[in-house]
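Each of the two complexes below includes chain A, the first together with chain B, the second together with chain C.
What follows is the complex of A and B.
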C-alpha cells in the first residue's frame, strides 16, 4: 500500500508549492506525519493548505469535523478526505 | 484598598458562554469560580493551559479570587514552558486536557460542577494585584516578564469597549480565533466580554468553515475577534459568514484593501487594535477610513529624543514604542514600521537576536543567523536561517530548534553554508545575506 496515487502526487505538489517547502514532492512519504515531527507544518500552514484545497478541490476543511485530526495526519489521509468531499 | 469587580454588570441568568449551542450563565460561572477557588493549592503563580475559553476563564478568575497570578507562556514549545517552570518553580498548572509541564503539579479545571446560587457575590479584586505575567522574547535569549495589574486589564477593557461603542444592553457575543493566553486574546475575548456583560464562544475556530460554524452557533449580535491571517482566509474562501456587527483585528498590520473586501463581503465594520505586550492594547482605527491610530481614552503620547512613548494612569512609567511611529498630536499616531530586531510571523512577535542566540546555542552550530526575506505576495513570509554546522544535518538542527522556539519561527528553509558573509567588523549586513540567498537560489537552478 505504499504506492503513490496520482492524487497523492498532485496534492504533494500542491503542498510544496503552497507552503514553499524545500522538499521534492516525490520525497513526501504518503504515511509520514505532515505536522509536528514529519514535515513540521504548523497551524498557519494548515490554514494556507485548507485554502488551497478549497480552491482546487472545493473541499472546505473544518476542525470540529471528527475526521480533521485524521485528515491532516498524513498525505494519504488528506487525499482520502479530498476524494470523499471534493466538488471539483 | 482599591478594588475593581471581576465582572461589569452582573445578572445571574445572563449568558456568558456558548458551548456547542448550550448557554452557560454568569450565575453558573460565579459558582464554578467559587468551587474551583476552594480547591486551588496555596501557591503564588499558575500556568493556565486550558484550551476551552470558558474553562480558562474559570481558572483565571479562581486564581484572582485566591490572590494568585496567572502566567501566560510565550508559546507552547516544550522548551518555552520548561523555562517558565524553572523561573517560577513554585507554580502549578491548570489544564483541561492532559498537558504536563516539567515537574509542576497539574490540576484539572472541572467542567460545570457548580450549580448557580442566587446569593453569589461578584468578587472584588484589588486593582494593584498582579493578575497576569506576559512574556516577550528579550534580546538576551531569556523571556522577559511583564506584570499586568488587575486595574490595568480592567482599564483597557473598559476603554476599548467605550471606543467600540459597546453597550451592555446589546449583549454581544464574541467568537475569537486567537488564543486567550496571549495578551490580545485575553483582552479582547475574555476581559472585554466580562467587563461589558457580553458572551463568548468557548472554542477557537481556525479554518474559515470553523469560523462560519462558530458564528452560526451563537446568537446575534456577534463580534469576531481575529487576525489579518484569518480575515484573509475567510475572504479568500468567500465564506458565507452569519452577520457580524464588527470584526476586531490585531497582531499584524491589516491592509486597507483586505479590510475593504472584508467589510463588503461580510457587510460589517472592521476595526484594528494596536498594542504590544508591555503596554497592552492602546489604540484602534477603522482601517478602511483612517491611516492614523487613535489611542484609547486615558492614554497620552509623548515625543522624546530617543523615540515616542505612551503614558497612562495604570502604567507605572512611560513605555517606549517598539515600532517606528510619528505622533499627530497627543492622541493620534502613524505607524511606519517595526524596529529592526522585531519580527512578526503570523501575528507572533519575536526578537531576531533572541532567535539567533537560541540557534547558536545548539550543539554543533558554529555560526548561524536568522533572516527575514522581503515580503512578497499575500502569504505569510517565513524566516530563513543560514547555519554553519560541519557534519550536522539540517534536520538535526531543526529538531533541536523545535524544542526551544515557537514553531512559527522555525526557518523555512534552513540553509547549511560553509561560512557566513560577515564583514571585517564581524557584522552581517542585510545586503550580504540577500546576496548569499541569491547565490544559493542560483546554485539550485543550476542543479549544483
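What follows is the complex of A and C.
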C-alpha cells in the first residue's frame, strides 16, 4: 500500500461524504480507479464531486480541459489536480 | 443484465442508407416516401424479433387485439421520421407543418438566460425540435445520448451536418455531466431521452400501461443535482408532413432528498412515465422502442 498524503485522506473523506458511499475513506487506495472497476463511480458522481471540489478548494474542473479524464482517474490524480489549481 | 434493444443490431446497409439520403435530397420527399412502403413491408416480414417485441406495447396502447396493419403503421411512422431527420439536418425544417403547443414554457425561461433540461423520449421525433424556431435565436441545444449503438447512422448524419454531431454529449465519460452542466450554465438546453434503459444504468421500476417497467434512475437524480427547470418534450409525427410538438413544464426544480433517494427518484420517474403513457395514447404509432419494453419475453 502506497503512502497516503494528508490531502488524499481529506479528499477521500470528501468523496465518501459527498456521495454517501458505504465505504471507509481510509480504505480508498490512492491509485485505485475511481470509475468503473475501482470505486465504481459514474459520470453523475463525477459532477457532484466536481461541485464539491469547487466549493471546498475553489478549483473548478472543466470538461474542455484535456486533463479532465486523467484527473478523475484516481484519488491521487484528483489530489494532484486540486494541489495545482486550488484557491482555498 | 441484458437489455433488449442493444441486442437488436441496426439493420440495413450503409450503401442502401446513402442511397436513401441521396434520393431524399436530390429526387425529393414524395418519391423517397414511396420507397418507404416496400421497405416497411420488408421489415414487417423479416424482422420477426422486433415485431414480436413491439406487440405487447401495441396491445396495451391500442387497448385490444392488433393487426398486421397496426404493426405496419409502427414501422412506417418510424421510417418517416428517420427520413425527415435528413431534411431537418440539411436545414430544411421549414418544409414541415408543425403544430406547436406550450412553447412558451421553454421560450420564457430560455429568454431569461436560464438553462433547461428538455426531457424527451423515443416516442416520435426529438430532432423536430430543430425546426421550431428556437435555433434561430442562437440557443445552444445539446442532446445527451449513448451513441455507440448506432455508429452507422451517426456517421451518415454527421456527414450531413457536422454541427449536429457537435451537439451530442456522449454519456459514459467522467466529464459527460460536466459538459451538461456547462451547457446549462451558458443558458443552453440539454435534451435527455429518459425512457430507454442502458446496460450500465441503474433502474427504477415504474407503472407503465398498468405494468411495471424499468426506467433509467439517473435522469431524475441528475436533474436534482443540476437544479434547473425540467420541461417535457414530445415531437409526434402525424402523417404527411405534419408534426405536433408538445412542451409541458415538468418541474421548476426536481428536488430529491438524498436520504430517500430511491423512493423519490421513483416518484419523479413515475410522473414522467405517466406523461409518456398519456402521449403514447395520443400517438400510439410513434413508439420507437422496438424491443421488449416490459422484459416479459425472457
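Assume the second predicted complex is superposed on the first by the 87 of 88 C-alpha atoms of A that agree within 3 Å, B and C clash if a C-alpha of one lies under 4 Å from a C-alpha of the other, contacts with A are read in each partner's own complex, and residues count from 1 in each chain.
To be clear about the criterion, contacts are C-beta pairs under 8 Å (C-beta built on N, C-alpha and C of every residue); 3 or more make two chains touch, one makes a residue touch a chain.
In this text, all values refer to a predicted model and were calculated from it rather than measured experimentally.
**Student:** With both complexes superposed on chain A, which partner does A:44 reach: first (chain B), second (chain C), both or neither?
**Tutor:** The answer is both, since A:44 touches chain B and chain C.
**Student:** Which partner chains sit in contact with A:72 here, chain B, chain C, both or neither? Use first/second/both/neither.
**Tutor:** second
**Student:** Based on the superposed arrangement, let me know which partner A:54 touches: chain B (first), chain C (second), both, or neither?
**Tutor:** first
**Student:** In the superposed arrangement, does A:63 touch chain B (first), chain C (second), both or neither?
**Tutor:** both
**Student:** With the two structures laid over each other on chain A, which partner does A:21 touch: chain B (first), chain C (second), both, or neither?
**Tutor:** In the superposed model, A:21 contacts chain B only, not chain C.
**Student:** Following superposition on chain A, which residues of chain A contact chain B and also contact chain C?
**Tutor:** 20, 42-44, 46-48, 50-51, 61-64
**Student:** Residues of chain A touching chain C in their complex?
**Tutor:** Result: residues 20, 34-35, 41-44, 46-48, 50-51, 61-64, 68-69, 72 of chain A touch chain C.
**Student:** Going by the contact rule at the top, pick out the chain C residues touching chain A in the complex.
**Tutor:** Checking each residue of chain C against chain A gives 171-182, 200, 218, 221-222, 225, 258.
**Student:** Spell out the residues on chain B that touch chain A in their complex, using ranges where they run on.
**Tutor:** 203, 205-210, 213, 229-230, 233, 236-237, 345-346, 379-380, 382, 398-399, 402, 407-408, 410, 412-413
**Student:** Which bits of chain A are touching chain B when the two form their complex?
**Tutor:** 18-22, 37, 40, 42-44, 46-48, 50-51, 54-55, 60-64
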